[in-house]
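Here come two complexes built around chain A, the first alongside chain B, the second alongside chain C.
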Partner chain A sequence: MVSPVLLIVIPLGLAFCVPLIGMVSKRFARFVPVVACLFNLVVSVQLLPAVLSKPIVVDLGGFGAPFSINLFVGPVGILFSLLIALAGFVVSLYALAYIDKGPTTRYHTLYLLLLVGATGVVLTGDVFNLFVFFEILCISSYVLVAYRGDKDGVESAVKYLIQGALGSALLLTGIGLLYGLFGTLNMAHIAVQAGSADPIPLFVAMALIVVGLGVEAAIFPLNAWLPDAHSSAPSSISAILSGIAIEVGLYAVVRMVFTVFGASSMLSFLMFLGVLTLLVGELCAFAQSNIKRMLAYSSIGQIGLIIFAIAIATSGSITGGFFQLVSHTLSKALLFLAAGYMIYRSGSMDISSLEGMGKRMPLTAFAFAVGAFSLVGLPPFAGFPSKLLIIRGALADGGALLALLVGLVLLGTVIEGAYFFRVIQTVFFKKGDGETARCEAPAIALVSMFVLVALIIVIGVYPSLIIGVLNSAASELLVRADYIGRVLG
Partner chain B sequence: MSFLQDYVYYIGAFGLVLIGLFIILSRRNLIKVIIGLSILDTGINLFLISVGYISKGTAPIFSKPGLVAEDMVDPVPQALVLTSIVIGVAVLALALALAMRLHKLHGTLDLRKIGELKW
Partner chain C sequence: MKGMTLIVKTITDFVVGFIVVFGAYIVLYGHLTPGGGFAGGVIIACAFILLMLAHGKDVAYSKLSEKAAHVLDSAGALAFLLIGWFGVTAGFFFMNTFGRGEAFRLLSSGMILPLNIAIAFKVGSSLFLVFSALAVFRRRSFRAMIEDELA
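After this line comes the complex of A and B, so read on.
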């Protein structure tokens, strides 16, 4: 069996090969991310059956668990690493055609580093290691946001960098406090001792860590950087930032709250925060006239929904939350990719400039519509079973408060439907006054979009395909003792 | 007095963190904000070191006879600080590079005048 370490090592090595290969041939260098992501995808799929029967724990350096840095490849880790590899693969295919100007080899290096950071965060079992991978993820995304080097890009990269650096500083302080309290950095080892620790310093550490990670996860009110960064970045990067980066931040928050601290009293707070994030995101998205800003705000809303679902902390709702995460990654990546070429052809990010795009680029517009319908939650797309599962999971628990929150969530979905249908109407049913000639996106970009379209429809029609993985992921989060036992033996 | 002696490193570290935070929140000049970030980083590094520090402790190497483990400082936070310094330098360099580019594009480093992107 292949070792899960390769999921991190191979892309990391290849990332630094990109400039070397780029010296020989720039055309060849852009295929490196495709190869690396394909490798990760294959390895993740190969590991999947083994991981589902029994999580794999790799002790690096040959020492036993609390002393070494270890990787914990459980159902949650493999789910995320699969998702990262899949989205990374599709977006790197798209970037073959889309990224044609500027320092392209640097783009591909940083893109791979971003994916390495994300994979590392979801697989590691050590808090400081998590911080390091998190910084790899963050620093490469700061640079990629400013890739075009224009006014908006640089300005939003600076904003992102300052807020991200502050978040990382809080995270590091929290990790320092944890080390001072427990004398260990291993997540499982901290989790064992967390129950008997002095509650006040433990709470301070948790607050610092959750706030620090919450900046990257774009939890309200820490999300001020997101709309700027996601709308000014190149569309392929927006797709990865929306589809992967904030989800990884969310993973880190969830892992800390559930596994490391086992803080069940924190969950109701997170639940309210999730609904608040959802409503703020959707309302702001409704008010936007810039399509990429609209999509960015919609990501905030979706993150809120996922937090809400996971914070309910029943096995059904967590499964729904993870399902929503998968469908959000696929749909939002698709939306950004499709919008990327529509913006490229129309020359403006204004929604009104997309009039008549349904005639000019029918396939891209179709892909956009699929993404939008899936995000809103229409059958037979992936968003439908996920929202159904979340609402069923939330209502099964009973309680008037939860029912009220579900009502607010549904209100958010209605707003979401309103602004997405407005865009769909503009794209398909309004005649543009300008060009009418066909100008479809390049073939390779269409292939990448239609891979996502196919996945969204397949998952939407046969949700049982992934529900097994999601169920075991939910039970990994809920059963802390299992995690601790696997690592410490 | 003994309180001060026991906690002087923590007081210093959190003092630096607060100074850094204050600068980031109150200054409008991007370079000053970046300096604030750097001071904040320094404070956190000092905090990490003081977590594992023993007064008059030595390096954790059995270099002299009669040296026992109780007299040695904890090496783990120092390894963490080494990593964190490297990360801090990378962020600082990137921030300064972006500040240069921002100055070239906008002609100013005043964050109040730059804000073109709004909610």
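After this line comes the complex of A and C, so read on.
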């Protein structure tokens, strides 16, 4: 069996090869991310059956946990690494055509580093290692947001940098406190001792860490950077930021709260925060006239929904939350990719300028519609089973409060439907006054979009394909003792 | 005349060599005394940054061109990963499989010394590139500001 270390080492090595290859041939360098993501995809799929039967713990350096850094490749880790590799692969295909101007070699290096950071965060079993990979993820995304070098890009990148750096500083302070309390940085080792620790310093550490990670996860009210950053980045990067980066932030929050701290008292707070994030995101998205800002706010709403589902902390609702995460990654990446070329052709990000796009670029507009319908939760797309599972999981518990919150979540979905249908109407049913000539997106970009379309429909029709992985992921989060036992043996 | 005054230039020319040697010492003895690849790499980068400050970028680039710095940057990182990968032959990534040598001697502690050297190349060249990027960016943005004022 291949070692899971390869999931980090190979893309990292290839990321550093990109500048060297770029010196020989710039055209060749852009294929490196495709190769790296394909490699990760294959390795993740290969590891999947073994991981589902028993999580793999990899010690680095050969000292054994808790003395060495270890990777914990459980169902959650492999689910995320699969998603990252898949989204990374599709977006890197799209970027072959889309990223043609500017310092392209640097783009590909940073893009790979971003994916390495994300993969590292989801696989590591060490808090400080998590911080390091988190910084790799964040710093490469700061730079990529400013890729075009225009005023908007630089301004939002600086905004993102300031808030992100503040978040990282809080995170690092929290980790320092944890190290002071327990003298260890291994997640499982901290988890063992967390129950008997002094509650107040432990709470302070947890608050610092959750707030620090919450900036990247875009939990309300820490999400002011997101609409700017996601809308002024190149569309391929918006797709990765919305589809991968904030999900990885969310993973880190969930892993800390569930596994490291085992803080069940925190969950109801997170639940409210989730619903609040959802409503704020959806309401702001409704008010936007800029399509990319609308999509960015919709990401905030979706993250709120996922947090709500996971914070209910029953096996059914966490499965639903992870399902929603998968469907959000696929749909939002698709939406940004499709919107990218529609914006490129119309020359403006205004929703009204997309009039008549259904005639001018029918395939791209179709892909956009599939993404939008999936995100709203229409059958037979992936968003339908995920929202159904979340609502079933939430109502299974029975409380009146949960029923009220579910009502609010449904209200959020209605708002979401309203603004997406408005865009669909503009794209398909309004006649643009401008050109009507066909100008479809390049073939390679269409291929990458239709891979996502196919996945969304297949998962929507056969949700049982991924339910098994999601169920084991849910039980990994809920059964903390199992995680600890596997690592410390 | 580009760069700073003759006094600064003369002193710089005099100390630059010593700074590089000191940096190399910190790198090579990182496993025996305080220091290591990162600290030594920073010191070596400082020598080139000093050259750039005193003489201007042309002289600094003639000693270490931007392209060479990029190559060293990537090569250092790749070397680090490769050395780490040697550990896999004994079962674990980053396992110290090289010969340990005699304690307190230069050639001891297995892969720590090669790792330190790799890090020194990576950190030294990146820091030099960061500095030169900031210098170029500042000049460029200053020029853009003036052009905005005139327009």
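Remarks
Everything that follows uses one rule, which is that the second predicted complex is superposed on the first by the 489 of 489 C-alpha atoms of A that agree within 3 Å, B and C clash if a C-alpha of one lies under 4 Å from a C-alpha of the other, contacts with A are read in each partner's own complex, and residues count from 1 in each chain.
The definition used in the following text is that a contact is a pair of C-beta atoms (placed from the backbone, for glycine too) under 8 Å apart; a residue touches a chain by one contact, two chains touch by 3 or more.
All of these numbers come straight from a predicted model, not from anything done at the bench.
Legend: residue contacts after superposition of the two complexes on their common chain; A:Tyr179 is shown touching chain B, with no touch to chain C. Of the two partner chains placed by superposition, only chain C is touched by A:Leu12; chain B is not. Between chain B and chain C, more residues of chain A are touched by B. Once chain A of one complex is fitted onto chain A of the other, the partner contacts of A:Asp350 are absent, as it touches neither chain B nor chain C. By the touch criterion defined above, A:Gly149 reaches chain B but does not reach chain C.
In the superposed pair of complexes, A:Ala165 makes contact with chain B only, with no contact to chain C.
When the two complexes are overlaid on their common chain A, residue A:Gly62 makes contact with chain C while staying clear of chain B.
Contact residues of chain B toward chain A in the complex are 17, 21, 24, 30, 33, 37, 40-41, 44, 47-48, 51-52, 74, 76-77, 80, 83-84, 87, 90-91, 94-95, 98-99, 101-102, 105-106, 114-117, 119. Note for the complex: chain A touches chain C at residues 3, 5, 9, 12-13, 16-17, 19-20, 23, 58-62. Within the complex formed with chain B, the residues of chain A that make contact are 128, 132, 135, 139, 142-143, 146, 149-152, 154-159, 161-162, 165-166, 168-169, 172-173, 175-176, 179-180, 183, 185, 227-228, 232, 284. By the touch rule above, chain C contacts chain A in their complex via residues 67, 70-71, 73-75, 77-78, 81-82, 84-85, 87-88, 90-96.
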